[in-house]
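Please read the structure below before turning to the comments.
As written, the chain order gives the labels A, B, C and D, with residue 1 at the start of each chain.
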Amino acid sequence: MKKNVDPCYYGDYLQLDKLLSAQHLQSAKYGEPAHDETLFIIVHQVYELWFKQILHELSSVIDVFSAQQVKDQQLTTVVHRLKRVISIQGLLNDQISVMETMSPQEFLAFRDYLVPASGFQSIQFKMLEIGLGLKREFRIDFDKQSFYNRLEQKDRDFLEALEKKDSLFELTQRWLERLPLLEFDDFKFWALYRQATDKMLASDEAIIQGNPTLSEKDRRQELRELQSTRDTFAALWDEQEYSNWQSQGHFRLSQRALLAALFINQYNEEPLFNLPYQFITCLTEIDEKLTIWRYRHAMMVQRMLGGKIGTGGSSGHEYLKRTTESNRIFKDFFNMATFMLPKAALPELPANVKGQLGFVMVGL
Amino acid sequence: MKKNVDPCYYGDYLQLDKLLSAQHLQSAKYGEPAHDETLFIIVHQVYELWFKQILHELSSVIDVFSAQQVKDQQLTTVVHRLKRVISIQGLLNDQISVMETMSPQEFLAFRDYLVPASGFQSIQFKMLEIGLGLKREFRIDFDKQSFYNRLEQKDRDFLEALEKKDSLFELTQRWLERLPLLEFDDFKFWALYRQATDKMLASDEAIIQGNPTLSEKDRRQELRELQSTRDTFAALWDEQEYSNWQSQGHFRLSQRALLAALFINQYNEEPLFNLPYQFITCLTEIDEKLTIWRYRHAMMVQRMLGGKIGTGGSSGHEYLKRTTESNRIFKDFFNMATFMLPKAALPELPANVKGQLGFVMVGL
Amino acid sequence: MKKNVDPCYYGDYLQLDKLLSAQHLQSAKYGEPAHDETLFIIVHQVYELWFKQILHELSSVIDVFSAQQVKDQQLTTVVHRLKRVISIQGLLNDQISVMETMSPQEFLAFRDYLVPASGFQSIQFKMLEIGLGLKREFRIDFDKQSFYNRLEQKDRDFLEALEKKDSLFELTQRWLERLPLLEFDDFKFWALYRQATDKMLASDEAIIQGNPTLSEKDRRQELRELQSTRDTFAALWDEQEYSNWQSQGHFRLSQRALLAALFINQYNEEPLFNLPYQFITCLTEIDEKLTIWRYRHAMMVQRMLGGKIGTGGSSGHEYLKRTTESNRIFKDFFNMATFMLPKAALPELPANVKGQLGFVMVGL
Amino acid sequence: MKKNVDPCYYGDYLQLDKLLSAQHLQSAKYGEPAHDETLFIIVHQVYELWFKQILHELSSVIDVFSAQQVKDQQLTTVVHRLKRVISIQGLLNDQISVMETMSPQEFLAFRDYLVPASGFQSIQFKMLEIGLGLKREFRIDFDKQSFYNRLEQKDRDFLEALEKKDSLFELTQRWLERLPLLEFDDFKFWALYRQATDKMLASDEAIIQGNPTLSEKDRRQELRELQSTRDTFAALWDEQEYSNWQSQGHFRLSQRALLAALFINQYNEEPLFNLPYQFITCLTEIDEKLTIWRYRHAMMVQRMLGGKIGTGGSSGHEYLKRTTESNRIFKDFFNMATFMLPKAALPELPANVKGQLGFVMVGL
């Protein structure tokens, strides 16, 4: 037993006096206590506690990736902690059903007392968005507008400073760019890869042309979509074209980072790629779970308020739904399948390349 | 013990010989067996089994509401069975995570062998949509187009016949319309209700005007949205106006049915309204869970295929996301909160009216 | 908008300053900050917030049942709130997986600093157990022993006072006893019921005797168990016998209350029984979910500590597992099926009895 | 597109004609169709489909470990597939809530027609138990007895043959034994490890002695438990002692395999140990989830039948609860924490040992 450890009492350790005395009903303050406001407060407080935990894990991950080098030991820890974040997100999503045990009528009993408080004012949630990489320029107009003007000055300053720091998105991008996966002196990997994908696209066109169940209208529609996939590929191989597409928001990652991620995905069974692949997959999961949370949250708000304005004086759910797609951070990982090949169609890596990879990874 | 009951053997009872011999890999048929195709088949087979169970409950509910009268005993059973459907939907939604344990690469190993099979061809899922009330005219264009032309003739005929029958939506509407909740000879309920809502809207305007955290741009935006809420209310009270809105798709329920549902929601604590309220809430939940399933399913498809075309030769996820909102069936229940008042603001029901209600409900 | 409502700011409303500054690592205090202690603190704080919410609902239910009469309107509210408790319990159970993202090694990094704090010291959890009806006499010996001696005096006094008040268990029992469901002057319900159950038991014996798949040893075992079921029934019908069994812990509810609950279960489709049936079912669910939580919690402790002693200086998991069964509160509801008949075998209620019931229920 | 691939139709591919025509109600056969028997059948059929999927993954893992060598690439695949099994188990556990939407009364309406069918007769579930490593000698007496005598001869023969094959338990044990983690010529690892654990045990004793909140009775109890932990350690270090304990069922793994697993757990951050650690963790999770399933299943049976006998003519739930603990397969992994040290207390590995490890792992 550690020497000189003072005895620790459960309630003091968890500071339950502070925690359990922090639920003051606005409706009580104005003489009309509403039974269900307690649920409203506690649901939001639990969210904030989980946000603090997620931010705790996130910032430890950001520290690791802020260094020049990421050691494999550290990658083990990073993946472990991101999986914890994902498991917490599962709770956050299910928690919406608990909030939905409050009927619109029960909510209306105290809504007016909360004006103009709003979930938009959760600093920790914005820290989470910014820390992951949701920069202002990616937000939809309304969101850009209202992102800050609901906040008190000190909170606004704090978040604006945070936006200037590197987010996990940028750090991941830089880490991917550092992986020298793209030039193998005597081995033209990407040329072979491109040939393979051209074959795949040709076969996809054959599928559409040959599909007896498609109406002509549908077929034209499919071919239009296939063409846009072709254009995406074209962009993938051409630096200039890529940056045009990027500036239009089709890609967020740099070309080099995207290709590195694609490489890792395609050869994820190589033990040396296992941890990087797990890391990329975690970021994809986090993005997916956050998106599902946004969508479910938007539905919950609609169910609670319909077309009514919320406590923040905004009819939130329409806006909230618009953000579910626009606020995707790692969508390039999410869309990776566009560029992927079946294993059988993959260019075989020559032994010396595998060797290089090994060396490369040690250099991680 | 029942007389003359032949002994029953687990495997025979469940017909496991048929069930467990029904997984034939297309990839094996073509000499390249893919380990993960088994998961693909079984996940879809489990969905189909659950769909059969949901249809079993749904058709029993449709039978009850097809009768002239719905007895309270029957309403107990109906609510019980709809809650079972909701609980099954919970599994259907979580099941998507199991499918997502298949990586895009693993899927690509057999995708080409499935062409042009497609989830669009699930007859049971279409039966479910039609049975709930998703008529063709509500589908988005692409969907209208492709709803049938992927199907074999016999399936098409079967579903087209089904579309002509009454769905749960129409039966619920008719049941709501039958509830004589709207005229109380000497008591002008809706006039009082309208006054109360006008007051609420005025107060909401005051909230927006008085909200210091709103930018001018946001404030104008909010006021526009409030005005549209005002217009919605205007439509609610005016039969002609209402049907205009209805024809534009703003409402699906008839005015009379919507008002009846609103009444039940507002006075749900009246024991006599408990079962009808639970029934309406169940339909709302079923719609919500189905919508979440559509959304998660669309994300899963995107993650698996990116911009690639699916086995049905269509790049599904964009289309799928569009359907999540358009294919809402009981959205009027979902938007009910728009028209709701806090309990304190509700008109008090005179004793004789409560009496009438009682009588009315016996008449249910 | 309510007049004179001061503007409300999200962070102030939720008192996030208190909430988010209440995580002090013991390991940091002693100069060896452990990354994962934050998770340990926050998981427990979230539990305590949810406990507060559950206690909030529970005490409102206890208030309702403390009155001489329970109106149906109130029963609607009670059922609604208990369903909320059940939905929160779902989160509490899933939350264990989040705790399990902490490896034993990560826990050992700070375990020694927490001595002798222990979950046994959660006052709110004990309030929950006591409020539901877990009186000291039902606890296992070790638990009886240690229930109080880990607590500070003020906490001990508080809980001992609480134990003297009526719990939901006693109030439910009294409410059930008040339902005059047992004597119908000219109609011998329970006599008929008893005949029906005797027939059922005879048929069960036939099933065992006739089951070709049972070994002789198994068959004797089955017959012994059937006999004990017979004895249970005998006890059910005989007041003296019943109280003997009760004193041995086979029953917790009084005979009269148990019979009333049985009656409600058997005729739950009667609209008038719908709310009472839902109420009983909620209590059963709460008990089941609490039991599952105890079991999963015990496994988690085992996984985290194995045979090691915990921070409370006790090797918890063995003890914890023992409590899962002993601490059941509404086990009589849980075992109700023992005494139930298939609907077809139920005595038909004569019209006048249904009338009485109706009247009775009004009297609720 | 693959050449010569015949068009594939959704319904034919999934063989829905077989699948959806495989629900024959026994109650209908005897002229009293019970609405809820359909749920009963489908729930069990879904279980069997998932069992088939789990067995598909399990047998592929068994194949990998049956070889002399396990390559890291293969370990990647193995871990990926076991995680899929775990995710399916999550559904299996939640599915119990769907079954619980059937009330005891609804079940009693058809129970008698199923006699003597029983879940004990699920061949696939027994294949799963046996494949994981639940050999007959580990089953509780009643289970040993009845494990086979409910089965038809052909099924019995099939399973008895299966019991003779290597299970995942034995293959994992052999793989662990092959890891030369235990002798490092000039480095006495386990001697150092033992010193560290002795210190830990001494400190634990100090904790108990110094704990002011323990009653004397509790303190004696704790010290007894600590002594048994000391004895467990003694057994860990002594080959003879260990096999005594093993023969009494305290351990299932061989001493050598247990020590290897302990080593991997303690140094899991070493990249080379990442996959082996993930593999061990997966087996622990599978065991935990299976145990939770057994427990929840037992509760569900109790709720449905109380003390009644089940369709298999056995009052299942008491027996089922007894199996939850006895049928643990990888309990040694689950109890690993008993022997673990905090990272700070771990012996530092000398560079040359790390080198050896590296070499060793290449040899995996």
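We take it that a contact is a pair of C-beta atoms (placed from the backbone, for glycine too) under 8 Å apart; a residue touches a chain by one contact, two chains touch by 3 or more.
Small disclaimer: the values here were computed from a predicted structure and weren't measured.
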item: Any chain that touches chain D and chain C; value: A, B
item: Most distant chain from chain C, judged by the mean position of its C-alpha atoms; value: A
item: Centre-to-centre distance between chain D and chain B (centres being mean Cα positions), rounded to whole Å; value: 39
item: Averaged-CA centre spacing for the pair chain C and chain B, given as whole angstrom; value: 34
item: For chain A, residues contacting two or more additional chains; value: 1-2, 7, 112, 115-116, 118, 203-204, 207, 212, 268
item: Touching residues (chain side chain A, partner chain B) in the complex; value: 32, 103-105, 108-109, 111-112, 115-116, 118, 142, 145-146, 149-151, 203-204, 207-208, 211-215, 217-218, 221-222, 225-226, 228-229, 232, 265-266, 268, 284, 288, 291-292, 295-296, 299, 302-309, 312-315, 318, 321, 325, 334-344
item: Footprint of chain D on chain B - complex, ascending; value: 1-2, 5, 7-11, 13-16, 18-24, 26, 30, 35, 38-39, 41-42, 44-46, 48-50, 52-53, 56, 60, 80, 83-84, 87-88, 90-91, 94-95, 97-98, 101, 112-124, 152, 155, 311
item: Residues of chain A that touch chain D when the two form their complex; value: 1-2, 7, 72-73, 75-77, 203-204, 206-207, 210, 212, 268-271, 274-275
